[in-house]
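The block underneath contains the structure these notes are about, expressed in structure tokens.
Chain IDs A, B and C follow the sequence of writing; residue 1 opens each chain.
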């Protein structure tokens, strides 16, 4: 009986970086999972929450709870959305015992993509091939709230013909931070710049991460600086043959 | 209500040598911390223990303050309580007048910066001398500290040479070791002639009536031992229950701050010198300061902000601090701890931008030796601010935008419709990131984004469209297609 | 009264009544490792040498005195009145002044001499730390003002670390108005993070174990 997972591609993945979501589906199907995409999904609500608008965030979270009520596994190609759902939803529903219970219960069903592969599917080698020199950026929420550190590196180590090099500033924030990136644009750009300087030292062609928002921030700044490096979501590397 | 200090931020961000100084110094401190923490397997346990002790002390603060007071008095010291900066400063000024104090030596104390003690004492024509090397340099330059632990982080040896030549009239000296010896010579004379020494306190020990001072130079020892009168100025939150708790705190403080298992000097001082002791102060005062701490204490979720032991680790690890430095924060406390303390002390509407000047990366909370949940508090403050702005009738546009956001995100049909429109409206070439956009697109966030980065183009098909097509294909066909694309 | 005002605000903020008990604090975390004296001496030496301090294992009190003599050759020293220093014959070394009991005279001597000589009440092996309590025998200034500090200490006083010290001395205030843990030479890195020793306290430190 095929195991079922539901995909939450995130609003940014849905609109700007769909290939990452498709790649997640491909990798999971390749491992024998049946992947469904609940059409009613929209956003996890983090933009409102991070901007201090908790009522609005709650309204969006409420919708999410409904959409994914029946899903056994929810796979998310993002650490920030993953941690919003898994860690902050409970804060939003502190005063509603029934919904709070639903949140705690949801926490067990939501999986950031790389964690799902390693802890649920329990695979490290998904049969990928990616003949390029890459480095890895530790997305903050995934790193510090979900404990995602060695996982993606283990997955990358199994990719054929891939040359991996570690960057000094791997754990430093890329500077996205949602609306921070536009409210404090110059600081955000500066943070990206520091990250890119470290990236450049590695000589890597690609910087990989598990979060499209980080990749968007880095790619945008890389292009503005006229540099050749490219960004790619981990899922897309793992889906490469 | 102060707006984002855009010009000042821009100045700091454009100053390449300053950027290098801040980035490199903090990188060094981060590395030192890592090297001191990695070989200690029980470090995480120590953090938890430190958090628990602080929690207990803060939750029972009145009890421990009273116990502290009793024990200080038992040892011959006096305890003075100050509701605010004015009272604290007033006490010191009066004491100086009564005792004929003309010169004061001070060791580093953020609390005395907070109450602007030096500035007030100078009005009485008292020679107040900062004796910590970094603070001394800044005092000569008339600047505020740049960092909680490394106050002159932003100064190069050439800056110091300029300052010493100008303020001390010495021959220009650019060698750091020699500069240090100049300061040593000048300050020694001050130590030995000052009538009063003022220190801060890293810890106040309730069961001992003691003040603990942690340092590397020796100036806190000198300030607290050479002059006749000693005053230790401390926020009420500094009290911990037992001397034995230092077993936990001393192990996390030095490592977190500068990567040292123990700093060079740890002084445990209780009261004036005792009968028989040869030296030490004749009079000892502990000046306990509220100045808004009870306000912070009143908020159950945020009172953990008072656990802070002023190690500076959060500053060193904060990617925002590492770009903007210490002077762009509105108060003496900078970095992440400053970002959560300032609004709580001064009210959230004074600098409403401050808690938003963070990408919420969480590096601060990860390294805090007493496990203050800084990102969580930042998020709460953000919520407090939007509520306060709403009450005051402000922040309307953003609130409206997020109301709209929530409205759309709860309605999948509407969401699909609106997002279907977007690619058609996008001006650029297919798949190319944009450097610029037509003026009708130049609003808030877009302009903000474009000021630093190219704008990503919406793809030819969004995820749903790709998914729909994909689902119609059979599985082998799908796989063949996707490997061709790559 | 400010005292009452502040305490009242604290209690109101916490919802506590005057005189209300605080309940049990978290248990103190003291872990003392069992380490033999030779290993402790070795640990101490490694720790202090990392900080540019020196540790010397003397065969005897005479040997300790000889070390001090070599260090003092041609220089001026001020010795505290610690009984152990007497036992080692330190005050009789040429150039050493001791027995000063007047605070100001002692301070003047310390400010102008080359080496301050003390014993120590305890030491901590894992961090290379000396524990100095201020008393009638040990003045604060001797280990602080001179540019060099020499400590001559009986081995038995070397503890494993801070845990053992605070286990032995749970309330240091009972013993003295001042307990200072001295870990290596005075230092700063305030200018460009470049390390400089001997800022205000001694830049050189020697510990002789007897």
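Definition applied: contacts are C-beta pairs under 8 Å (C-beta built on N, C-alpha and C of every residue); 3 or more make two chains touch, one makes a residue touch a chain.
Computed from a predicted model, the values in this text were never measured in an experiment.
Participant: I need the chain pair with the most C-beta contacts, please.
Facilitator: B-C
Participant: Hey, which chain ends up farthest from chain A, C-alpha centres compared?
Facilitator: Ranked by distance of C-alpha centres from chain A, the top chain is C.
Participant: Counting in whole Å, what is the centre-to-centre distance of chain A and chain B, each centre being its mean C-alpha position?
Facilitator: Result: the chain centres lie 30 Å from each other.
Participant: Between chain A and chain C, what's the gap in Å when you average each chain's C-alpha atoms?
Facilitator: Distance between chain centres: 53 Å.
Participant: Just curious, how far off is chain C from chain B if you go by their C-alpha centres, in Å?
Facilitator: Spacing between the chain centres: roughly 31 Å.
Participant: Considering only the defined contacts, which chain A positions touch chain B in the complex?
Facilitator: 9, 11, 13-19, 21-22, 25-26, 29-30, 37, 39-43, 45, 47-57, 59-60, 62-63, 88, 140-141, 143-145, 171-173, 175-192, 194, 216-217, 219-221, 223-224, 239-241
Participant: Using the touch rule from the top, collect the residues of chain B that touch chain C in their complex.
Facilitator: 21, 24-25, 28-29, 46, 49, 52-53, 56-57, 59-66, 71, 75, 81-83, 87, 131-134, 137, 150-152, 155-157, 160, 176-177, 179-180, 183-184, 187-188, 191-192, 205, 207-210, 216-219, 221-222, 225-226, 236, 241-248, 250-251, 258, 261-274, 276-280, 284, 288, 290, 294-295, 297-298, 303
Participant: Mind pulling up the chain B residues that touch chain A in the complex?
Facilitator: Within the complex, chain B contacts chain A at residues 4, 9-10, 13, 19, 23, 319-320, 322-324, 353, 356-363, 365-366, 379, 381-387, 398-399, 402-403, 405-406, 408-410, 412, 415, 419, 422, 433, 435, 444-445, 448-449, 451-456, 458-459, 461-464, 466-467, 470, 475, 478-479, 482-483, 486.
Participant: Which part of chain C faces chain B closely enough to touch in the complex?
Facilitator: These residues of chain C touch chain B: 1-3, 5-7, 9-14, 16, 18, 20-23, 25-26, 28-30, 51, 101, 103, 106-107, 111, 126-127, 129, 134-136, 139-141, 144, 162-163, 166-167, 169-173, 176-194, 196, 198-202.
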